[in-house]
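Both of the next two complexes hold chain A, though its partner changes from chain B to chain C.
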Partner chain A sequence: MACRECLQVLIGVEKVNSGLRIINLRLNVAATGNDIVDEVNLTIEKGRVLGLVGESGSGKTTVGLAVLSHARRGVEIAHGEIYCAGTEVLGLDADAKRRIRGELVSYVPQDPASSLNPALRIGVQLMEVLEVHDFGGSSEARKARIKEMMAEVLLPTDDQYLERYPHQLSGGQQQRVGLAMAFACRPSVIVLDEPTTGLDVSTQEHVLKTIRQLTRDHGVAALYITHDLAVVADLADDVAVMYAGRVVEQGEVAEIFGNPAHPYTRHLVAAAPDIAGKKQIVGLSGRAPSPGKRPTGCSFAPRCELAADECREAFPPNVRISDAHSAACIKIGKRGETATQTSPTIQSVSQGDVIIEVRNVSAGYSGTTVVHDVSLTLRKGECLALVGESGSGKTTVSRAIGGLHREWTGSILLNGVPLRSAARQRSVEDRLGIQYVFQNPYGSLNPRRTVGDSIARPLLIAGISKSASRSQVLDVLDKVNLPNSYANKFPDQLSGGERQRVAIARALVSNPQVLVCDEVTSALDVLVQAAIVDLLGNLRKDLGLSMLFVTHNLPLVRSIADHVAVMSEGRIVEVGPSESVIGDPQQQYTRNLITATPSIERSLL
Partner chain B sequence: MKTSILKFIVKRILLGVMTLFIVSLLIFAVTQALPSDPAEAILGREATPEALAALRAEYGLDKPLVSQYTHWLGGVITGDLGTSYATMTPVSEYISPRVSASFFLLLIAALGSIPLSIVIGANAALRRDGKFDTSSSLISLILAAMPEFVVGTILTVIFSTTIWQVLPAVTYLEVGAPPWSDIKGLALPVLTLLIAVTPYVSRVMRAAMVEVLESDYVEMARLKGMNERTVLWRHAMPNAVGPAFQVIALNLAYLAGGVIIVERLYNFPGIGSALADAVRSRDLPVIQYLALIIAGVYVITNLLADIGTVLVTPRLRTRLS
Partner chain C sequence: MNTTLVEANFVDERPPGLFRQALKLRRTQVGVVLSTLLITVALIGPFIAPFGSTEYVDMPNTLDVPGTLLGTDYFGQDVLSRFLFGGRTILILAVIATSIGITLGTTLGLTAAYLRGRYDEIIMRALDVVLSFPQVLLSLVVISMFGPSNVLIICTVGLSTTPRIARIIRGSAIGVVERDFISAAEAIGETRKRVVFSEVLPNVTSALLVEMNLRLTYSVGLIASLAFLGFTPEPNAANWGLMIQENRVALTEQPWGVILPTMALALMTIGTGLIGDGLSRVSAGIDRGGKGE
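Entry: the complex of A and B
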């Protein structure tokens, strides 16, 4: 209970009676009794936002749902206390739990598209939460409240709009409806579970602004769950970092980002790309242990460069660093070599031969043109980032280059020779020369083939025998830093980062000149992302590869690309060296995009 | 939006008519155009060539196939279905009471099985892996594995012969009398059909409900504080019945064919018995007409299911306008 006492010292008990307080919370896998999260202690005062950060699987959402006294299927609340505005919620009976949900404490889900009921009009979904909690006493009062909420989240208030179904709204509008629903009954506590993941930066900016406004104006204690450190820096007052089900560090935003104490937090911060500064992002190998496989001592010890024997004996106690900062680490203050892997410095703008030239390409789907007159050049050894929001046409361009999209006009030249539109019309050399790496490594590898067979596939097409391909497979596995033994594994035995390495290896095996990377890191956690970016940078340097890096992640561009082309509504808005485009954008669109992108550095100024 | 749904329905009906037209070609091809001689079948092997020729001339069997077909199709469209070879009465007169009797049987079975399977499926999904779920899925698996005649025989043994003698083993229904005039006699055929359909539909309903109950919007509804009844009926059910409609339609259509065995079993005077009799006596006009009716049931139930799915799915409904 040391943590409980230390928290009570940190923040006076009386202050939190109106906010959220989590004491010694533990949730188990119901079937095995293994802990999913344990010893979680958090306090959020009213009107403040606490950012709960961590990688996928760290237990953030489990904690968030527990605040609503809810555990998903297969999960059970083992013990702990959670006070929402003074009311302990875990001990309530089923009926009382139902009454507090949506009224005392509400939830904003990650994916608004799947969290709004597709069969119900949004007006109905807003109204029912007011009705079930008997808000306002009359149907007129409730209707007025809906209009008030719609106005607060900057959505139209007319009846016709409320008649719409969720699929008739954009992603940003859906999330605003989610916010309106969450704030409708004037809750004291609100849990926001990655509410802006999947939204474009400009939409995200508006949603974040709305969240900030609503929490301040209504004195709500907000638990904001995210893996995006920049968003936390931008929005939150306090931060708690979770690793393998435990809170390893917590404190005020400036403290955590300015003076991270726990080695894991330092790695997280080091791995996060930032739009405001040219930064070498640093990854970390290994992965967090899952429930049931966690060591007795500090869960991070296996990956920690500071780990000593005592770290492995018992879970480290919470150590107070300052009034508003504590970390569960016995090595605080001792700095290790955080940079276990160093990013290559980005070469100065290369002047090699032109490998790919895109000339006046327009492309579309069944008659509708979505890409207008795009021209690009990619030189030998260069990394060109193609950035833009969803629907900007960036993926269509990259698919046209890769021969995966056929409906285009104009010309695409590989080494000065025009390419046919579809991959199957192209010569084997052309096909092998341009390799495509997909966004989702879970979908791009055949689950019935071993890693080795998947990698050898392009070689078979090129007419190389299976036995002869073996050594090449092992060679590329080595290039992507995977052990030889991985050749015999199946994709489901691999983590997301490892799968993406396999996908890259498969692209490398045919010795391509060009690698088209389509959002290759967006499905990955930040530490894994940094490691993949690091790998791609090394490959480029060692093999002289040219790379087209398609992404919506503007901060990442600085860390990987030497040139960037910004796309919007199917057109190239601005193109140039990444440093100058991001550091000194010439176009209003690019400027807006950059200002809308949250940044740790900018927030701390 | 209303007019666009109407347009969609009209389009689907026209497609259904097209399907029936193609089916009519196939039916004609496998019955009348096949090289077997209906005249010989009717008169027997010892018939004189003169008698056969006379009979062929009488039924138009000596005309070219195309004109036989157009004559037949014209008759179907105008309602003149010709004369039954076996009973020598107009086909429509012979068939009509049997069709209505069978439809009544089907209707009762459908009205019983649809709500029953929805309730069973929804409850099993709601208490997933619980006692009701495991027992209902075991029972439905066993029932689904048994052919109708086995189910029918077992029901007969239980309710009318060996164990209890509470229900008649056969239906004493006069041809032409309203089907509800022998309610007791209807019980076993209806029960058999119910058992034939309910296991499939309830399992599909369970699967659809399980998926919907695991969805984000159902979790969200619970986190909004909605009570379980609202969660189930307002949030989950409308999203689960859409997929279930298709399976219900396929099963009802299957019943239209499966009814043959059940009707034989209980001696129920419906299309099943009529079809069996007609096949035995090579009564071409009756066979053709009944085959067309069964195909029509398929087309109509699928049409209704498609329309139903569109109506309960806003995403599909709004796409039309």
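Entry: the complex of A and C
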């Protein structure tokens, strides 16, 4: 195979025996033979970390699992070679595959809570890994190894700690146990599949540090799968960007983020909010084609502003940009204008009337208080971001404002008038005045109802006739940039971003004064997130909406909010204009949060 | 920013409904054929029967009686005619009883799942009391106390089915109730009744469909068993369950009197059972995001 030969020349044969090498890998949907990933070539030298980035569905996890010579049900490995420290793993028989997993190549899954067996003590689980691979020879040697591993992942080594069950550990500690397990048998290659996605930034910082330490110290080649560019910039040495099952660009971190060549990479970088710099994030419409629907030419061509006829004819070859940087694009150097930064965000620190006032609100669940004495002010036309780590009480506050949480004391005023606690007790005007947009667009729309019917419900309840509501539904679909035909679709026919637009449309249809957005972008890919943030910004400007934007994503705050309130352990720690809070935090907690947040700009310095 | 959406090009076809998907499975197809056949026999039978249901034709327990196809039974009645008459009552009773059970069970199950807390406890514990009696035993006790009447049979079978349906519906509704679109409906001020019946109910139809089928199968069996034990409103009514009981003594001389109703009940139960199995396979597949078998 021609491309394989040139690749061998490119990477040099002497490096083959150490790290990880993937050659011309292809995986198919077993039933149809359509490609899930194709033409994947990657090389990771020992001691280095390669960040594999891409949107959900781009095939990054599929590649990661293939390194363990595993394919999910319904997926088959069509062809390709994968060398882990010189051993080709795809051709091994079932027994040999089982042996190399954990010993030669190991895997750290995304959710530590579900990957550890809740019924077994962590010591037992760690021992299991060593026993399966007959590591160390004797039980004493294994016990010593466990202690050594626990120390390396910065966990206590005493026997009492090892006797704990997974649920007795925090999320960060669970993930460290996962890391200890993965590194236990001293593998040569490790696949990390979004290991920090569910963690808070400060916990994430520690886990990333541990990963970096372990890979460097033990000369392990690490494949780090993530959708978070900032984490990659912070952690990885090299980056490979995947789009629709193919690697479209790869190179060293500084090259990729400093000088992205492929239009898709440029869009990704442009869409990622950054804590270190105030930037306008730019989204991109459309979605990546799924297996079986990919065009013959470049799969990014339908969304690419540079696409020409030649792009649609054949998949573009890899073009070398520098020694450590290549991209699969024939238009490199011919930059479009879309990815460049446009006008700065509208950040009029308005002095409008107070629309919502939260006064000394404490809230809890069945007797336990989780929010203590919180006071907030939201002015007309303003966007206030409520940020904090998980468990800080930010969602509870927002749900209390939205009338979805009843157990609270204190007062919440809408235009100076106190609100009742539950939405059902509130007057129609109060209810329509505050609209709530939920975090997960997959759960917030009734799957058995058309988009149009879902949007029309608030109107019908308010007593507006069916025909009148119809025109308002179409009007509001237009406002969120969805075509009229979408009114007749069901939620499962839409992508995540489209569903979130529908959810926003449903909130807008009753002409609210306030929109409470609860982590509305956290379930979305970065390009979609940027588009939604852009939409919310425009709606705010056009309709004069006030917005409470609840998020754990500090970088995003910079791109959307005028004011920010930082919450920790149920209390407001710091409030102020977002530029000054993030640029010059006054509280230690906020400062820690900001330093722990990975940043592309900071990493490139 | 240019926000024209090209996404429309990629939108997938909506998958067909549960029943249409299930129909692609062989087992469901066989089930549908069997059930349709037996239901047709039960409903149309009385109109094509050569003799009346209790008409005396010839000597009892004779096989070769001129004018009859399968001979006479223990009472000198035409076996084929009694068979053709005998399914209708069972089927109608079973359908009505199951409908009552489904309606009550679904309402109680959904209410318990949505309200949770105290109401959940009260409803479910009360149903547990009913559930603790075996269905046959409960029906026998009630019917032997008050005497067999169609209304009573319907009520006991329907009510004893209720807790079983309620448990299943509550189980699948609890997951739905936790989802955000329920909160969203509450936030816009939907009434509790509407939340339960127009937000939650449409999302448990898969479970409901499977359960409905299963309960219909059981009800047919139960009502036939009661008839076998002699609990029919009219002592000599044509009824498959009763027929088996009446003719089993003369099994060697007149086997048709037992074989026909037994086969009918067996095939009907197998048929509806296969449909239920197909439905549950597909609905499990839907839950897993796969394609069933």
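Keep this in mind: the second predicted complex is superposed on the first by the 588 of 605 C-alpha atoms of A that agree within 3 Å, B and C clash if a C-alpha of one lies under 4 Å from a C-alpha of the other, contacts with A are read in each partner's own complex, and residues count from 1 in each chain.
Simple rule for what comes next: a residue touches a chain if its C-beta (ideal position, glycine included) is under 8 Å from a C-beta of that chain, and two chains touch if they have at least 3 such contacts.
Every value quoted in this text rests on a predicted model; they were computed, and no experiment measured them.
Colleague: When the two structures are superposed on chain A, do chain B and chain C clash or fit side by side?
Modeller: When both complexes are placed onto chain A, chain B and chain C end up side by side without any clash.
Colleague: Is A:443 in contact with chain B, with chain C, with both, or with neither (first, second, both, neither)?
Modeller: In the superposition, A:443 contacts chain C only.
Colleague: Looking at chain A, does chain B or chain C touch a larger number of its residues?
Modeller: Of the two chains, more chain A residues are contacted by C.
Colleague: For A:116, decide between first (touching chain B), second (touching chain C), both and neither.
Modeller: Only chain B is touched by A:116; chain C is not.
Colleague: Which holds for A:161: it touches chain B only (first), chain C only (second), both, or neither?
Modeller: neither
Colleague: In the superposed arrangement, which partner chain does A:495 touch: chain B (first), chain C (second), both, or neither?
Modeller: Only chain C is touched by A:495; chain B is not.
Colleague: Does chain B (first) or chain C (second) touch A:283, or do both, or does neither?
Modeller: The second partner, chain C, only.
Colleague: Contacts for A:481 in the overlay, against chain B (first) and chain C (second): which applies, first, second, both or neither?
Modeller: Only chain C is touched by A:481; chain B is not.
Colleague: So after the superposition, what angle do chain B and chain C open up at chain A's Cα centre, nearest 10 degrees?
Modeller: 30
Colleague: Can you give the closest approach of chain B to chain C, taken over C-alpha atoms and in whole Å, for the superposition?
Modeller: Between chain B and chain C, the shortest C-alpha distance works out to 5 Å.
Colleague: Residues of chain A that sit at the chain B interface in one complex and at the chain C interface in the other, please.
Modeller: none
Colleague: In their complex, what parts of chain C are in touch with chain A?
Modeller: 1-12, 14-15, 179-181, 183-190, 199, 202-203, 205, 290
Colleague: Which bits of chain A are touching chain C when the two form their complex?
Modeller: 74, 282-283, 285-287, 289-290, 293, 302-303, 338, 342, 402-404, 423-424, 426, 428, 431-432, 435-436, 438-440, 443-449, 454, 457-458, 461, 481-483, 485, 489-490, 492-495, 497-498, 503, 506, 510, 531, 534-535
Colleague: Under the definition above, what is the set of chain A residues touching chain B in their complex?
Modeller: Where chain A meets chain B, its residues are 65, 68, 70, 72-73, 98-103, 106-107, 109, 111, 114-120, 128-129, 132-133, 165, 167-168, 181.
Colleague: Can you name the residues of chain B that touch chain A in the complex?
Modeller: For chain B paired with chain A, touching residues are 214-217, 219-227, 230, 234-235, 238-239, 312-315, 318.
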